[in-house]
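Presented sequentially are two complexes of subunit A, the first with subunit B as partner and the second with subunit C.
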Partner chain A sequence: MAYIGVNATADFVTLRLNNSADFSSNIAAAFVAGESSNYYDVPSMQEVTVNATPGIFRWKQLDSLSEKAVTTSSTNSVALTVVLDDTTFYSNTGSSYGILDTVNNKTKTAFRLYWSGTSSSDRHIEGEAYLSALAPTVTPDSPVWTSPLTLEVVGDFTPGQVA
Partner chain B sequence: MNKTQKIIQERVIDGEWVGATDPDGNPVIILNDVPVDPIPLAKQFGISIKSKKSNKYKVEKQHADLEQPQHSGDPEDAGDGVSQSEE
Partner chain C sequence: MSLRSDLLANVTTQLNGSSVSVTSELPWSAGGVELYRKNKKKFYLSETDQDLTQLQSTLDTSDVFQTEDTLTGFITVDAKNQPADIQTVVSAVLNSRLSVDNYFVRECLVNTATDADEIVYTFEYRFVKLT
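And now, the complex of A and B:
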């Protein structure tokens, strides 16, 4: 048993995005070295939550004291809060839209979330998603723009591991 | 034991490198996204790598070497080179 720590430089969480092309047939291809000019890491994350929730259909029967249940399709998403970075928010990275344009254009994005570092053996999940729930906010007492951001996942999370 | 040492130890069995290789067959590990030759690092940790042969999975060359994207079109050759069946 080993916990997954993120409290060292080499173990930081990384969220990588690439929407330069349609990678639905092979999402891993979005993050190979040859795509390094097109993918970018979302900087300055403050919190990340991975949601993987199977739907449940419940019903009652006259011959049972408890409800029955079956699963329906899962709803998968990744929710995070970021400190907005001028470059990744506004500017394209290679052929990938920045965060704002990705949301505006409703562009499907390949994503990969590294749980704890990006070195050999480190684990990640990846998939495709639409970016949503962008809501930048600033106040006198927190005078830096921050925003929630949700990756509404299309299909499954696919687990993997750095070679 | 630091993270690098742990990675190398896990990938050397009886002196043989069982981890990833680059397209030329040389051992390689990824450290913070960068492919690195593990042999000199292994020496620092007192680990000897006798054999360089491994066909477990391949890692693309370093970014600087990539004038052209090297997509083969084969899903097994893409990504970090790790297929689900290997995990």
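And now, the complex of A and C:
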């Protein structure tokens, strides 16, 4: 057993986005070497939460002392907080929209979240998502734009490992 | 120009014609007595203390840092015969904090301490900017 640390440089958590095309038939294709000019990593993340929540339908029966349950469709999302970076926020990367335009245009985005590093055999989850909940905030005492951001996942998280 | 010299220049302008003069000397001690106590009605300003701290921490160490600069100014006057314009002088020194640009926190506190027949006005400047 070992914990999944993200404190060392080689173990940083990485969120990679590519919305240059429709990758729904093969999401892994969005992150191959040939797509390196179209995907980008979201920098300066402060907090990442992966939500993988199956829906539950419960009912009671007269012949049982406890509730019964079955699962329904899962609600999957990735929530994060970022310090906004002017390049990835405003500008396109190759044919991929920056974060602001992705939200504005409601563009479905292929994403890959590396749990702990991006080296060979490091693990990740990937999928498709719509970016939402962008709410940039700045105050006089903290004069740097920060924002929450949620990836509302379309379908499943697909686990994988770096080859 | 350094923060200290900017402040000194502004205080010099503000106190021009008042009963208090400004010196660029540091408030060092001579024979166990600080210069600002020896030389009354003179404004002394310390060297800048600097503190570099994290404003926003991130998971990839692209953290946002802030620099906090603090300086201390001193004026000593006779407690029995305070200059008639001392409140104007104190206000001018407090307001000199606004002459510094590029800091998002520009604060100045004044404390007074009475010792024998002297009142020492201590001005604590605090400036914070993004690094």
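Just so we're on the same page, the second predicted complex is superposed on the first by the 163 of 163 C-alpha atoms of A that agree within 3 Å, B and C clash if a C-alpha of one lies under 4 Å from a C-alpha of the other, contacts with A are read in each partner's own complex, and residues count from 1 in each chain.
Operating definition for what follows: contacts are C-beta pairs under 8 Å (C-beta built on N, C-alpha and C of every residue); 3 or more make two chains touch, one makes a residue touch a chain.
All values derive from a computational prediction rather than experimental measurement.
J.: Using the superposition on chain A described above, determine whether A:T49 touches subunit B (first), subunit C (second), both, or neither.
T.: Neither subunit B nor subunit C is touched by A:T49.
J.: With both complexes overlaid on chain A, does A:V13 touch subunit B (first), subunit C (second), both or neither?
T.: second
J.: Just subunit B (first), just subunit C (second), both, or neither: which does A:V144 touch?
T.: second
J.: Between subunit B (first) and subunit C (second), which, if any, makes contact with A:Q161: first, second, both or neither?
T.: The answer is first: A:Q161 touches subunit B but not subunit C.
J.: On the A-aligned overlay, A:V83 touches which partner chain: subunit B = first, subunit C = second, or both, or neither?
T.: second
J.: Can you name the residues of subunit B that touch subunit A in the complex?
T.: Residue positions touching the partner: 3-4, 7, 10-11, 19-20, 28-33, 35, 57-63, 66, 68-71, 75, 78-82, 84, 87.
J.: Given the complex with subunit A, which residues does subunit C contribute to the contact?
T.: 55-62, 64, 104-105, 130
J.: Enumerate the contact residues on subunit A facing subunit B in the complex.
T.: Within the complex, subunit A touches subunit B at residues 10-11, 25-26, 28-29, 31-36, 117-121, 158-163.
J.: What does subunit A use to touch subunit C in their complex?
T.: Spelled out, the residues of subunit A in touch with subunit C are 6, 9, 12-14, 43-48, 83, 85, 140-144, 146.
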